[in-house]
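You will see two complexes here that share subunit A, one where it goes with subunit B and one where it goes with subunit C.
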Partner chain A sequence: MLNILRLEFLLILRSGSHVVLAFSFFLFFMLLFALSTFRDNFILSGIGLTAVWLSLLMSTLLTLNKVIHEDFESGVLDYLLIADIPIEVTLFCKTIVHWISVVLPLLLITPIVLLTFQISSYNIIKTVLILLLGSPSLSFLGTMISCLTLSNRSSFLLTTITIPFYFPTLLLGVFCSSSTTTNLFAFEYLLLYANTLFTVVLSPYISSYAIKLNYS
Partner chain B sequence: MEKIKKISISINSLSCAVDGKVILDDINFSLTSGQSITITGRNGVGKTLLLNTIMGFKASFRGKIFINGGDLSSNPSNRQEQIGYFGHKASLQIGLTPREVLNYWKAFYSSDAITSDLIKFWELPNNAVENCSKGQRKRIALARLSLMQRNIWVLDEPTTNLDPVGKEKFLELHTLHLKSGGLSIITTHEPEQFKKSKMINLDRYRGNLSQC
Partner chain C sequence: MENRLLNKFWKFSNPVLFKKLAKIISPLAGLIAVLTIIPGLVWGVFFTSPDYKQMETVKIIFIHVPAAFLAINIYLMMTITSLVWLIRRHFVSALAAKSSAMIGVTMTIVTIITGSLWGSSTWGTYWVWDPRLTSFAILLCFYVGYILLWQSIKSLETAASVTSLFCIVGSVFALLSRYIVFFIDQGLHQGPTLSLDQEKNIDNSYYFPLILTMVGFSSLFVYLVLVRTTTELYKYKLKLIG
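== the complex of A and B ==
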C-alpha cells in the first residue's frame, strides 16, 4: 500500500495543477473575507472561523474532479478495476493522497491567514487542530460523490450533490471551532470525530459499489 | 508466463444490448490453451461491445461466459486472475514517462516482470507520455499487457497505429503467449496477420435492433 501511495504522489507531482489552484483560491478567498469586513474588528474575529471552514470546503470542491473523473475519462479506471489490488484499496489511497496534497497545505497556511482576522493564537492552534481532525471527511465524501457521478462529464452534478453532503462537516467544524470548552472529548468533538471516522470507513466501499454500478 | 496451466473460455449464446436494443445476438465460441480467435466486422457492428461484455464493463447481456468451466458472473474474481486486457483507448497517465507508467501498473498488477526489459523490447522513449505519438502509446499499452501476466488476452485492435516492426514484435509475443498455453480473443481489421487463428465475423450476428 505504501508503494501505491508513492505512485499516486508521483502522479500528483507530474500533473497537479489543481493543488496550486486550491491553494491560491483558499489564500485569496480568506484574504478577501478579511479585507471586506474591515469596518468592524468584532465582526472580523467572529467571522474568521466560519470563513476558514467555508474556504476550505470551496477549494476542496474545486479539485474533486481530479480524484477519479480523469481516470474514468482516460480509461485508466478500466485497468484499475481488473488489477490485482482491490479497487477499494486503490480508492482509499487516492483519497488519502488527495487529502495530503490538497487539504494539508491549506491547513499549513491557515495559522498565517487567521492572523489577519485578529484571532488569538490559542484559538488559532485550536482551529487548526479541529480542521486536522475534521477535514479528512471532505476528501472522503468527495471521492464518494465523484464515483456516484462518473457518467456526468461536466462536473455539474458533482458540485451540486457534494455541497449538501459537506453541510454536516461544515456545521460541526464551525461549532467545534467556536466552542469554548477545552475538553477534547466534549460532545461536539465526539460528533466531529464520528463524522470523520464514518466517512473514512464507508467511503471506499460505497465508492467502489458506485463505480461497479456505473460499469453495468 | 511460465506456470500456465490448462485454461479454457467458452461463450454460450451471448447477446449484448445497449439501451435496450440488442446489438449482438446469440454468439457462441470456445477456446482452450494455445488457441486464439479473431473477431472481424464492419465499424460499429459491436466488436468492442463484445469485448467489454467479456471484461464485465457492460453488464446488459444474456447468455453465459465460462472460464475453466466456472460461470464468470457468479465468480467475477476469475477475471482478476485470468484476463489481460488491451482496450482501444491507450489509457495511460499522460504526465508520467513510459518507465513510470510501467512501474505504476507493475505495482497494481503485482507483476514480477522487469520494466527495463520491456522498455528495451518496445523501444520506448524517455519523455512524458503526453509527447508520445499514437503508435508509441500503443507500444506502452502493449508493454502493460505483458506486465499483467494473465492467461487470457482480450485485445481490441492491438496492431492499429503500430509500424511494421512493432507489428512483428507483437505477433512474436502473441505466438509465444499461445505456445506457453495462453489463449486470446482479438478484434481486428487485418485477420490475415493471425495465422492458425479461429475467425468469427460479427456481421452475421447482428441483433434485431427494433426488439428489446
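== the complex of A and C ==
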C-alpha cells in the first residue's frame, strides 16, 4: 500500500500538470464570482461560502479523468488488476492521492481567497474545517463514477453524470457552512460526516465492481 | 410452494416465452388503459365540482398525481430489474430497465410541467425551490444520466451491467438528496392526502376518478414497457445476426 502511495506521488510530481490546472481554475472561478458581485459587500459575503464549494466541485470534476481513465487507456490498470494487492486498496490509495494533490492545496488557499470576500475570520476557519471534513467524498464519488464510465473516453459524459452524485455533499456542505450553530456535533454536521464516511467506505468496493463489469 | 411459484416466474426470463406472454398481456393492458384513462379524465374534468379556492385548476390533479406516482415508481422498478440483471443475468430484465427509463423521463417532465402550470395559478409562481419540486429535478437528473450512460457504451452487455450499477447507486443517492432537501426546508407543497387507509383523505368526488386515472396510467405504463421491451429484444436479435 505504501508502495502504491509512493508511486502515485511520484507520478504526480513528474507529470502532474492537472494539479496546477485545478489550482488556477479554482482561483479564476472564485475571481469570476467576485467580479460579478463586488459592487455590493452584502451579496459578496453572502455568495462567498457557496462560491468556494462550487469552485472546489468544478475543479475536482475537471481532474477526475486523470484518476482512472489514463491508467485504463495506457493499460496500467490491467497490471493493477492482476497484481497481488487487492484492487480496492489500489483504488483507495489513488483516490487519497488525488484528494491530497488536488483538493488539499485548494483548501490551503481558501482562507486567503475568502478574506477578499469580506467574511469574518471565525467563519473562514469553520468553512475550511467543514471543507476538510466534507470534500473527501467529492474525490471518492469521482473515482466511483469514472470507473463506471471507463468504456467511454469523453470527459463530458463523466462530468455530466457525476454532477447528480454530488448533490448530497453540496447541499449539506453549503448548509453547514452557512449554519449558525457553534456545536460541531449538531445534526447537520453529523449528517455531513456520515456522508463522507459512507462514500469513503463504499466507493472502493463499488469502483472495483464497476471495473470488473467493464472488463467482462 | 413459494419456490415453485418463483420458478414459474423466472421461466419468463426466456426471451421467447417473454414475447409470448407480452403478446397476451400488452393488448389487455392497453385496453384497460383506454377504458380507464378516458372515462377517468372525462369524469374528473367535466363531472366534478370545482374547488372552493382553486376553482377549475384543481383538475390538473388527474394528470399530475398519476404522472408523479409513476415517475417515482418507475425508478424503483428500474432498480429492481437492474438488481435482477446483476444477480441472475436475465437479459430481458436489463432491457426492461432500459425501455422504462424513457417512459420515466416523460412522466417526470409531465409532472414538472403540469405542476408548474398548477403552481402558477395557486402559488402565483411557476417554480419554487420547494423540497418536492427539487427532488423531482434531482430525479430527472438521474434519469438523464442513466439514458446518457446507456447510449454512450457500445457493447450491449457492458452497457447493461454498468447502467444497472449506476441505477442502484443512483437510487441511494437520489433518496439521500431527497431527505437532505426535506431536512433543510419544509416547503410550500401540500402533504400527502391520497392513500388507501388514512382518515384524512381528499374528497370522495375527486378520490374515485383519481384512482381510475392512476390505474389507467399504470396499465398504460405496463403496455408501453412490454411493447418497448419486445422491440429491444428484436433489435438485440438483429444485432446478433448481422
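FYI, the second predicted complex is superposed on the first by the 216 of 216 C-alpha atoms of A that agree within 3 Å, B and C clash if a C-alpha of one lies under 4 Å from a C-alpha of the other, contacts with A are read in each partner's own complex, and residues count from 1 in each chain.
Methods note: contacts are C-beta pairs under 8 Å (C-beta built on N, C-alpha and C of every residue); 3 or more make two chains touch, one makes a residue touch a chain.
For clarity, every value in this text was computed on a predicted model and none was experimentally measured.
Trainee: Superposed on subunit A, are subunit B and subunit C clashing or fitting side by side?
Mentor: Result for subunit B and subunit C: fit.
Trainee: If you stack the two complexes on chain A, which partner ends up touching A:Pro168: first (subunit B), second (subunit C), both, or neither?
Mentor: Only subunit C is touched by A:Pro168; subunit B is not.
Trainee: When the two structures are overlaid on chain A, which partner does A:Met58 contact: first (subunit B), second (subunit C), both, or neither?
Mentor: So A:Met58 meets neither subunit B nor subunit C here.
Trainee: I want to verify one number. Taking the Cα centroids, what angle sits at subunit A between subunit B and subunit C, in steps of 10 degrees?
Mentor: With subunit A as the vertex, subunit B and subunit C sit 90 degrees apart.
Trainee: Touch check for A:Ile4: first (subunit B), second (subunit C), both, or neither?
Mentor: After superposing on A, A:Ile4 lies in contact with subunit B but is clear of subunit C.
Trainee: Check whether A:Ser216 is in contact with subunit B, with subunit C, with both or with neither, and answer first, second, both or neither.
Mentor: The answer is both, since A:Ser216 touches subunit B and subunit C.
Trainee: Could you tell me if A:Leu191 is touching subunit B, subunit C, both of them or neither one (first, second, both, neither)?
Mentor: In the superposed model, A:Leu191 contacts subunit C only, not subunit B.
Trainee: For A:Ser15, select first, second, both or neither according to whether it touches subunit B, subunit C, the two together, or no partner.
Mentor: Once the two structures are laid over each other on A, A:Ser15 reaches subunit B alone.
Trainee: Does subunit B (first) or subunit C (second) touch A:Val128, or do both, or does neither?
Mentor: neither
Trainee: Which of the two partners, first being subunit B and second being subunit C, lies in contact with A:Asp84: first, second, both, or neither?
Mentor: A:Asp84 sits against subunit B, while subunit C stays out of touch.
Trainee: How far apart, in whole Å, are the nearest Cα atoms of subunit B and subunit C in the superposition?
Mentor: Closest C-alpha pair between subunit B and subunit C: 5 Å.
Trainee: Would you please give the residues of subunit A that touch subunit B in one complex and also touch subunit C in the other complex?
Mentor: Common to the two interfaces on subunit A: residues 216.
Trainee: Once bound in the complex, which stretches of subunit C touch subunit A?
Mentor: Residue list for subunit C touching subunit A: 138, 141-142, 145, 148-149, 152-155, 157-159, 161-162, 165-166, 169-170, 173-174, 176-177, 180-181, 183-184.
Trainee: Provide the residue numbers of subunit B that touch subunit A in the complex, in ascending order.
Mentor: Residue list for subunit B touching subunit A: 55-60, 79-80, 83, 85, 87, 89-96, 100, 103-105, 107-110, 128, 144.
Trainee: Which part of subunit A faces subunit C closely enough to touch in the complex?
Mentor: Residues of subunit A touching subunit C: 144, 148-149, 151-152, 154, 157, 160-161, 163-165, 167-168, 171-172, 175, 188, 191, 195, 206, 209-210, 213-214, 216.
Trainee: Please output the residues of subunit A touching subunit B within their complex, sorted ascending.
Mentor: Within the complex, subunit A touches subunit B at residues 3-4, 7, 10-11, 14-15, 74-76, 78-85, 90, 215-216.
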